[in-house]
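Presented below are the structures under discussion, each in the form of structure tokens.
Same chain, two partners: subunit A is paired with subunit B first, then with subunit C.
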Partner chain A sequence: MTLALSRFEQEDIAAGVAANLRSDGRLRTDYRPFTVESGIVSNTSGSARVRLGLTDVLVGVKAEIGEPDQAKPTQGRFEVTVDFSSTSASAAAFDDDNTETELASAIARTLKGVDLSALCIVPGEQCWVIYIDALILVAAGNAYDVLSLAVRAALANTRIPKVEVSDDGHGRVELEVSDDPHHVTELDIRAVPVIVTLSKIGAFHIVDATIEEESCAKSRVHVAVDSKGAFCMVTKASAGGIEPQLLFDALESAKQVGQHLLSQLEATLKQEERALAMFPNSQRGFLTDLQSAT
Partner chain B sequence: MLSRKLEFVSPEGLRIDGRRPNELRRIQARVGVFMQADGSAYIEQGNTKILATVYGPHEVSRKNKPLHDRAIINCEYRVASFATAERKKPVRTDKRALDLAAAVRGAFEGAVMTQLYPRSQIDIFLQVLQSDGGNRAVCINAATLALMDAGIAMKDFVCACSVGCIDDTPLLDINYIEDSAGGPDLTVAVLARSRKTVLVEMDSRLHIDRFDDVLRLAIDGCQAIHSILDSAMVERTKALLAGAASGADADL
Partner chain C sequence: MMDVEPSSSSSSSAMQSSSDYSSAAIAGAAELFIAANGRHIVCPGDTITTETSFMRGHGTYFQQQSKDENEQPAQLTAAYAGIVERVNKLLVVRPLRTRYSGEVGDVVVGRVTGLGGKRWKLDINARLDGILLLSSVNLPGGVLRRRSAEDELMMRDHLTEGDVISAEVQSLFSDGTLSLHTRSLKYGKLHYGSFMSVPSALIKRCKNHFHDLPCGVTMILGLNGYIWLSETRATAQMQLNPNDEIEETSFQITSINARSNIARIRNCINALASRHMPIYDSTVVYAYDASLEFDVKALLQPEAIDKITAHARALADPGAM
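Let's look at the complex of A and B:
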């Protein structure tokens, strides 16, 4: 996720960060506004598209019946894949599978603390498998954060059909999956965190880095924060080191920014729901005006 | 077994989704979806939803060899894992995807004025977000709009349409269920004004006596699609003009 920047550009960005006034006028801990649209892929169990700056991520969630993890026989499970769409500007630059698997495993790790016992159908034999497939349509900085926001929004949008389990009297079970669109359960997503990525530039850290800022960051920390402010995952990425004190400061701002992001996401989703209730036939998704995005 | 039970055209002459045999699905098109691409377009045709992005003309990438007298067209086609009714495991090299990409490239090699861009490359990236039949045709239509959005010189609109034929009835713009009936599926792409065909592909077999009707219906479908694509392009151009007049960033 890097651009080739000249030394002068790099120095300019670093000076801006040091002065707490970044090139787009933001403070170090300011987040850009993002847009969320959920339920725009009709053949999924849940979907959401999140845009932040030019970065554009679409997540589709599909619930299918499968076998539970043998280590957790009474729980459902998540499967996460991330794909850089070829529509992405720098698809060629991202073509190594590494980044895709890195992103997917980061998301999978943030979801580890989520209790999925509600997704169990027959303990040890059948459960709901929640396939989370993310498509990075445009990668223009801060992919981790946008991806985690989109995953959370898509999970909030997910509806799982109710299943009737009946015994046929010979020790075999029969499953009857309801096909009534109103006979569904929602996922409990309260424990799903968001990722806040902090980039170290000079002696300071910033949140929501643009692609230019990412390109001159010495090191990055991905922190997953849940609504209670607890850390669900902390990963230091890229080559440079980070001082202990700076790491503490970074975690503190991650906590604040993360909780703020979560409440903002919640508010945006509620607002969308209200708007949909009022104008159910309004045009959404990729057909809407591009200018309203920014 | 599905096809035997299902009635594809009811005695009243209506199809499964309520259309007449010679009726298109609802088509909604939008030109200019992404800002950072040279050209982009999005088409919803019924429940088939496809994004097309175009980059170029630019320097030829390392994989390809430049041609001294014209541009290379590079085409990639991908289906999102959640696009189909049953989730598909993501695969890197899908034979059918390569085949479809090659067909789209072939259609545009006959329509893009590649001789104007020697030693360069034009990329067409197609991304299926939701798949419900007719992907090949919708891809071509979306790519036409994206190429025009990128300002690449073309002889004409390339408009594509697919036609199936079930129980001797030609069906325009077949959806996934009609497609899985196993009958013939003809995809035709034409240059809108000259009506020259730049792509003709048919799976399965069809009696020679019926072929004429099927092809004619497909070309009629292409004509209808042309007017939809044309109005999407006009709308986009008007928006650009309005943006330029109000002094906003013309790129928006």
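Let's look at the complex of A and C:
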């Protein structure tokens, strides 16, 4: 989603980026603080809501038994869908380079490297299918990054019931899915990366662009970085070009920012877990932030 | 764009006949108005009062509790989340999050979204686009000059899509559209600076909405919730003969010192808005003073926001809270 800014505002933002002092006082590679709440949708296998500035993304994960991909018969699989909330982000849904399908395919691409052999039940026949359904409640800049953070937090929160496979002696298998909430496995999410979007303004690149900054960026690069600092995806969005040297610099800062984001997300989730262990009845989820704010 | 407002046709004659409502009704109602800070806060669907003597105003409707009308009278129910206000017998719910509904004389900040038919269309955070007529702006070459067809063709040279202006509400059209004017030297196109928006309900209506803050930042608090921050400049260019066209190149880009102060003020205003505090010159200055112990970018952290807004809350006029 982009805003129509006046020529003066665009020049002013570009001058701020060039001076390494952006309109909210951040340096070019500074990220804004974000909030994570996980496990807030009760009828999912895992869920998370991430807010960064005004941008607000809710992700629900549902594990169901299905058929594996024929190319990878011994692995489970992911299914990603992204929806814009009809009330809050309708304008963004019609934007050319920020559509639901592009967001979904970007997330699906970042998840390609994840080993899902633990989700195999009967090779070639039965496996767990992890449905990742994201809802963009408010798109006010930096939707890719927030979405990938929310997906990672939701996957970290996901619990999959254990399955007993028994052979009935005639070559047919019977599956028994445990309904004990404690008899579950967690997903191994160490290989799930986070997307860092870099926007080029003037001769420089910035991370975590606000909606105003996105509106005057000449080009954008989405880089997925995992916790080891490896690049899992590099995509250039929007029409403008990017110089080779700037791209190298951008990748270098994406690596640092991405690893920092991942450790920050980890710490936030741990903190939430500890808080929940201490106060199991505390109010969480929607419509509770007004009470905590006052 | 259009919000559906379940409102009554509150005729003025009924509003004036305030003397005939019973004192018992007031006593009953008085209890309703005791809540946090002595305010009656409601959510959509909340019963405001079961008294039948009140009239339904904006944001309220009568809800029939049972099918049989004679059994139980209809209850006055809130349609918005907001504060109940009372004018004699008329009860109104003023919503906290809503689009701007203007009044004549309000200072607003708006962004041009389109041109056509001797007018500019502006986004002013209202339900409908604001209108700036070609006849409501000062054009170079004489205030009382007739607007020719040539002027109409040159409109884009004056203001184009994306430009931000400050203006005053001149009148309300019958459909609720706000007509603006910039026929004063203090209004008009805004050049280098920073635009931001907050909920319009938080902007306090003041005598002056143009502030030159001591830290060298000029702040325009539009009553529509749009705010413009820029570097304070010597007023030399304001004193130019209004008939002369100001050269666009004569404006200077924000200096690095002012940039940091503008960012600080911006973060302070966002902090106040995030904690639902009223925004006017005093609260902004209080928040700014408290913010000086922090780095500008540290003001994005919730701990710093809590600290500076608590300081502003303690110092600000309690009546305004």
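Here are a few things to note about the model shown:
The definition used in the following text is that the second predicted complex is superposed on the first by the 279 of 294 C-alpha atoms of A that agree within 3 Å, B and C clash if a C-alpha of one lies under 4 Å from a C-alpha of the other, contacts with A are read in each partner's own complex, and residues count from 1 in each chain.
The rule is short, and it goes like this: a contact is a pair of C-beta atoms (placed from the backbone, for glycine too) under 8 Å apart; a residue touches a chain by one contact, two chains touch by 3 or more.
From a predicted model like this one, the values you see are computed outputs, not experimental measurements.
Once subunit A is used to superpose the two complexes, subunit B occupies space that clashes with subunit C. When the two complexes are overlaid on their common chain A, residue A:131 makes contact with subunit B while staying clear of subunit C. Look at A:173: by the touch rule set out above, it reaches neither subunit B nor subunit C. Contacts of A:5 after superposition on the shared chain: subunit C is touched, whereas subunit B is not. With both structures placed on the common chain, the touch criterion links A:15 to subunit C but leaves subunit B unconnected. Of the two partners, subunit B and subunit C, it is B that touches more residues of subunit A.
Look at A:27: by the touch rule set out above, it reaches subunit C but stays clear of subunit B.
When both structures are laid over each other on chain A, subunit C collides with subunit B only at 145-153; the other stretches in 19-27, 91-99 or 145-153 stay clear. Counting contacts as defined above, no subunit A residue meets subunit B in one complex and subunit C in the other. Of all residues in subunit A, those touching subunit C in their complex are 4-9, 11-12, 15-16, 19, 21-27, 30, 32-33, 212, 293-294. The residues of subunit B lying in touch with subunit A in their complex are 28, 30, 32-37, 40, 42, 44, 47, 49, 51-53, 55, 61, 76, 78, 80-85, 87, 90, 125-127, 129-130, 132, 252. Note for the complex: subunit C touches subunit A at residues 111, 113, 160-164, 190-195, 251, 253-254, 256, 259-260, 262-264, 266-267, 270, 274-276, 295-297, 299-302.
Across the interface of their complex, subunit B is touched by residues 41-44, 47, 54, 56, 58, 60-62, 64, 81, 83, 85-87, 89, 91-92, 131, 133, 135, 137-138, 140, 286-287, 290-291 of subunit A.
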